[in-house]
Amino acid sequence: MAISKELINEIGQFSAATLHEALGKTGNLPSGIKPISPKMKVCGTAYTVKTMPCDNMMLHRAYAYAKAGDVLVVNCSNFYEAGYWGDLMSLGAKMKGIAGLVIDGCVRDADDIEAMDFPVFSRGLCIKGTGNHGEGILNQPIIMGEYMVNPGDIIVGDRDGVVVIPQNLVAETIEKARARELKEAKVRIELRKGLNSLQIYGWDKKYGY
Amino acid sequence: MAISKELINEIGQFSAATLHEALGKTGNLPSGIKPISPKMKVCGTAYTVKTMPCDNMMLHRAYAYAKAGDVLVVNCSNFYEAGYWGDLMSLGAKMKGIAGLVIDGCVRDADDIEAMDFPVFSRGLCIKGTGNHGEGILNQPIIMGEYMVNPGDIIVGDRDGVVVIPQNLVAETIEKARARELKEAKVRIELRKGLNSLQIYGWDKKYGY
Amino acid sequence: MAISKELINEIGQFSAATLHEALGKTGNLPSGIKPISPKMKVCGTAYTVKTMPCDNMMLHRAYAYAKAGDVLVVNCSNFYEAGYWGDLMSLGAKMKGIAGLVIDGCVRDADDIEAMDFPVFSRGLCIKGTGNHGEGILNQPIIMGEYMVNPGDIIVGDRDGVVVIPQNLVAETIEKARARELKEAKVRIELRKGLNSLQIYGWDKKYGY
Amino acid sequence: MAISKELINEIGQFSAATLHEALGKTGNLPSGIKPISPKMKVCGTAYTVKTMPCDNMMLHRAYAYAKAGDVLVVNCSNFYEAGYWGDLMSLGAKMKGIAGLVIDGCVRDADDIEAMDFPVFSRGLCIKGTGNHGEGILNQPIIMGEYMVNPGDIIVGDRDGVVVIPQNLVAETIEKARARELKEAKVRIELRKGLNSLQIYGWDKKYGY
Amino acid sequence: MAISKELINEIGQFSAATLHEALGKTGNLPSGIKPISPKMKVCGTAYTVKTMPCDNMMLHRAYAYAKAGDVLVVNCSNFYEAGYWGDLMSLGAKMKGIAGLVIDGCVRDADDIEAMDFPVFSRGLCIKGTGNHGEGILNQPIIMGEYMVNPGDIIVGDRDGVVVIPQNLVAETIEKARARELKEAKVRIELRKGLNSLQIYGWDKKYGY
Amino acid sequence: MAISKELINEIGQFSAATLHEALGKTGNLPSGIKPISPKMKVCGTAYTVKTMPCDNMMLHRAYAYAKAGDVLVVNCSNFYEAGYWGDLMSLGAKMKGIAGLVIDGCVRDADDIEAMDFPVFSRGLCIKGTGNHGEGILNQPIIMGEYMVNPGDIIVGDRDGVVVIPQNLVAETIEKARARELKEAKVRIELRKGLNSLQIYGWDKKYGY
């Protein structure tokens, strides 16, 4: 059940925080995973990877096998302090149309990656090189912090963080996100009039605040 | 004993580091609390808040009750990984003239907050939503890292960090900060002549360095 | 056996990550040590310092004793949360021609240091002041994370991190770094043709990937 | 597909480390979760719980709903520093025949729990009290560190740590664990003769060690 | 307003967790502070100390100045990894009738301290020696984690953790702790009959659990 | 320059803390490395090992190559959360007369290791299995926290922690440790008379304490 490009484009218009709320406050990936430049955004279908600590062979395979529009989502077995990804891999992935990288570990060559505008979300930057023994998992369900990410799930990330939307909830999530934005637009109008949220949400009367 | 706007403006001219030194090396809030954009600065009177972990009702109440010129200073019961504050609350607070937010936890909607130029100092960014059960403390003394912050204390923050100045020490601190800046200006002249600090402070002779 | 300025300039053209690889994946300093502004780069000969926790007298002595072109490399006895270095010391060091600071601890006065373009690599920013009892070590071998740094070793740092190159390996490392860059340039051409790394490195045939 | 008591008893004879190996090096729960007394062991079917930070209502419900032989397996939303469980709950659970508690958070009343010999595996001890708002998840799949735990999975814990065995792998895992123990018994005989593992596993010849 | 020995003895009969609850879930010191032997208990009036990182002169002064029945409560400026206290200081303190040590840092000579049965609660054990420059604070209010400890407050610690009871709340806290123990005794009887807490507290009817 | 068994036995009579002090407050290994049972002690000559993260082949080789009386001292490249060592390896090492293991990582099979009385000092216990790719370093200088350990250095560990004594300082360190113990014995007599350390060390007069 592939999600259409139109739906993916549409869901990518919302912020990660809005989608997290639309999902009933779920789907948030570890908050330590952030874009290497605050302007970077990412949106696409998950191609999942689990690497052994300090080994990046699976990442070479991942970008070779993934399809255009995929986001590589990578669990590094809790060993963050290595540069699992760099400028050459970014170039190769970009050439293939890969939509970006979301990795629970570090990367390197930040300037070059930023220059080629390939979205990378990571724990940070680290020059430490990796091995290439190659054990791990490709395109199967993986754990990312508090949630499981399945191949084909939708990944949306911005400066605030990254969210995963299960495939079967995409349409529903878009609808809820739209409703939330509409509601927020109305609240914004009230706030601009000088009302506070206790008044707008009726908490002043409900709780006597 | 309210501090006059003039004094607050004046103390806000000094850097957080200078005020910390003028206070006898005290008053430094946890160094993990930093502005979400390095250019942000904050200065105002503390309106203190303690929230339960992952709950932000107290923050809604806080900006409703606080007065123009107040800085919300928030202890989140050591649960950092939630987005306790966002763009709507920033808008509401800004409308009321709240001077900024200093929170020992995370926030979200960084781009929107930055765009409206509302100063937010936090542990970082996190999309994880919060509940609104509402337990906590409003405008009473709270602990922030190594120091107690009392309602009405002066809060000054910049890229280097945040400092709290007890109300009764404001005038004295300004005086000492001025003296320190004057002394530093003189040291700067000596340094530009090529002298080093061992010579300037006389440590070369005192200790034989 | 001093390294010539020409060699130092030459080695400073390579990125920290490239030099780390050229060294056989060694020499990486703790990845938590990063430039206070992402554009900063540092390159020079190590003048090593070990301070006691929360004491910076040794740093005053270090910049007074070090020579032009030296980079101060500082171990703070695992107490990161203090501002061991600031704008005055940066000015004094810059006047002497010190090439930069790499410190396993925090600093303060970030705006002023950035304005004077003195390269500072640190664990972060912290306003907490230090004492000046003065115990510690000057210009002797020190531990920085996983490696020992000897006085006179070459230090190269950029946004990705910092690497230490032992004096006797400088020429060899430059050669290997050049070879690596050449090889990467060739790989880049292949990647731009649409080949992936499995194909370029022959891993598809070797491992059946 | 319930697992028979016989199989559960049988699998409980193996150590957590042996079962982890028999599972192909999977199923290990976070190593920070340890018995409050090193002699405690636990074995049973998982009754899964997710609590909000600092709230234990779900744990009251869990032991009321779980059946004899169940082990409560609890995710506390990454807020460890609270005493989610104590002597009264241990007594209530023990009365119902609950086989033990495995919680990714802290507990309190350690002496009393130890005295009644109810197996508790936790991050440690903490006196901080919890609320009872009651949000969370009961008996549905939850994440515990690197793995998902499903209701009905088998949990085995000892001083070394805790492992989860998926229901459908129980018989196969027992077989593999038996084979491993047999193989280890043979290795033990060789080791007692004075051979080392390079010789026993043939690594000396294979790799020239 | 000194607390009588009788009241101190009486409050020491309750567990730290019970007193924390009787205080309205407040007063819990950092849960990382634990007895060096699980059997140790401590109870007495707080003599407060703040040391500089890695310096223990203040501790020598503290046990010399404190009176029999006092517990030394020590903040080490967030530098835990040093052995601030050992067997000689334990002997000296014990000779004076000091009731124990509660330190937010490490100690050493654990076997000897245990042998002389002097209660020590710490972050752990560390052999690293300290200096004796002597800056710090004696017998003034200090911060210990989430709470302030005032000289003369009552400190009670056991294997579960440590609690501070403000002087003016001692009588009231004893009363509430007694009431809580009585209530728990009744709950225990109900639990032994086979009822669960949902039934005992009426949550089954109130919430439909 | 091998150290005689007599000297090793002699140095092993001192506590780790005493030897650390005798070395001028140096040589302390990371305080997170502790015996798996508080009664364990270790003393011997260092056989050094550096493993890749989550790989223990080097440990198999290490105990095969080391000689009776050696202590294996292991750096696991900062990946602690794996069980690098277990009961079979302990048996093999014990058969060869290896004096113990000091590892900056975790181990498993704690009960069996304790039963065979083989001293193991580690970061803790973890069931997670390791690979055997085999990269690393054998019997060359390695970094252990703040210090370098050279093959042949003397390692002494007890419940308080572990210390490394450079080969060439053994005789001198024994002498200083003896002097320290003698001095402490005298202080102990003074303390038993009721004097405090301010009086005994003359700090009362020197500093007016």
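Lettered A, B, C, D, E and F in written order, each chain numbered from 1.
To be clear about the criterion, contacts are C-beta pairs under 8 Å (C-beta built on N, C-alpha and C of every residue); 3 or more make two chains touch, one makes a residue touch a chain.
No experiment lies behind these values; they were computed from the predicted model shown.
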For subunit C and subunit D, what is the smallest step count along a path of chains that touch one another?
2
If you check the contacts of subunit D and subunit E, which chains show up for both?
B, F
I'd like to verify one number: the distance from the centre of subunit D to the centre of subunit F, where each centre is the average of its C-alpha atoms, in whole angstrom.
31
What whole-Å value do you get for the distance between subunit A and subunit F if each is reduced to the mean of its CA atoms?
44
Taking each residue of subunit F in turn, which ones touch at least two of the other chains?
77-78, 81
Classify the chain contact graph as line, ring, star, complete or other.
other
All chain pairs that touch each other:
A-B, A-C, A-D, A-F, B-C, B-D, B-E, C-E, C-F, D-E, D-F, E-F
Provide the residue numbers of subunit F that touch subunit A in the complex, in ascending order.
52-54, 77-79, 81, 131, 133, 135
In the complex, subunit A residues that touch subunit B:
15-17, 20-21, 25, 28, 31, 34, 38, 158-163, 184, 187-188, 191-192, 194-199, 201, 203, 207, 209
Which residues, counting only subunit B, touch subunit A once they are in their complex?
57, 60-61, 63-64, 81, 83, 86, 88-89, 91-92, 95-96, 106, 108-111, 124-129, 134
Subunit B to subunit E touching residues, read off their complex:
77-78, 143, 145-148
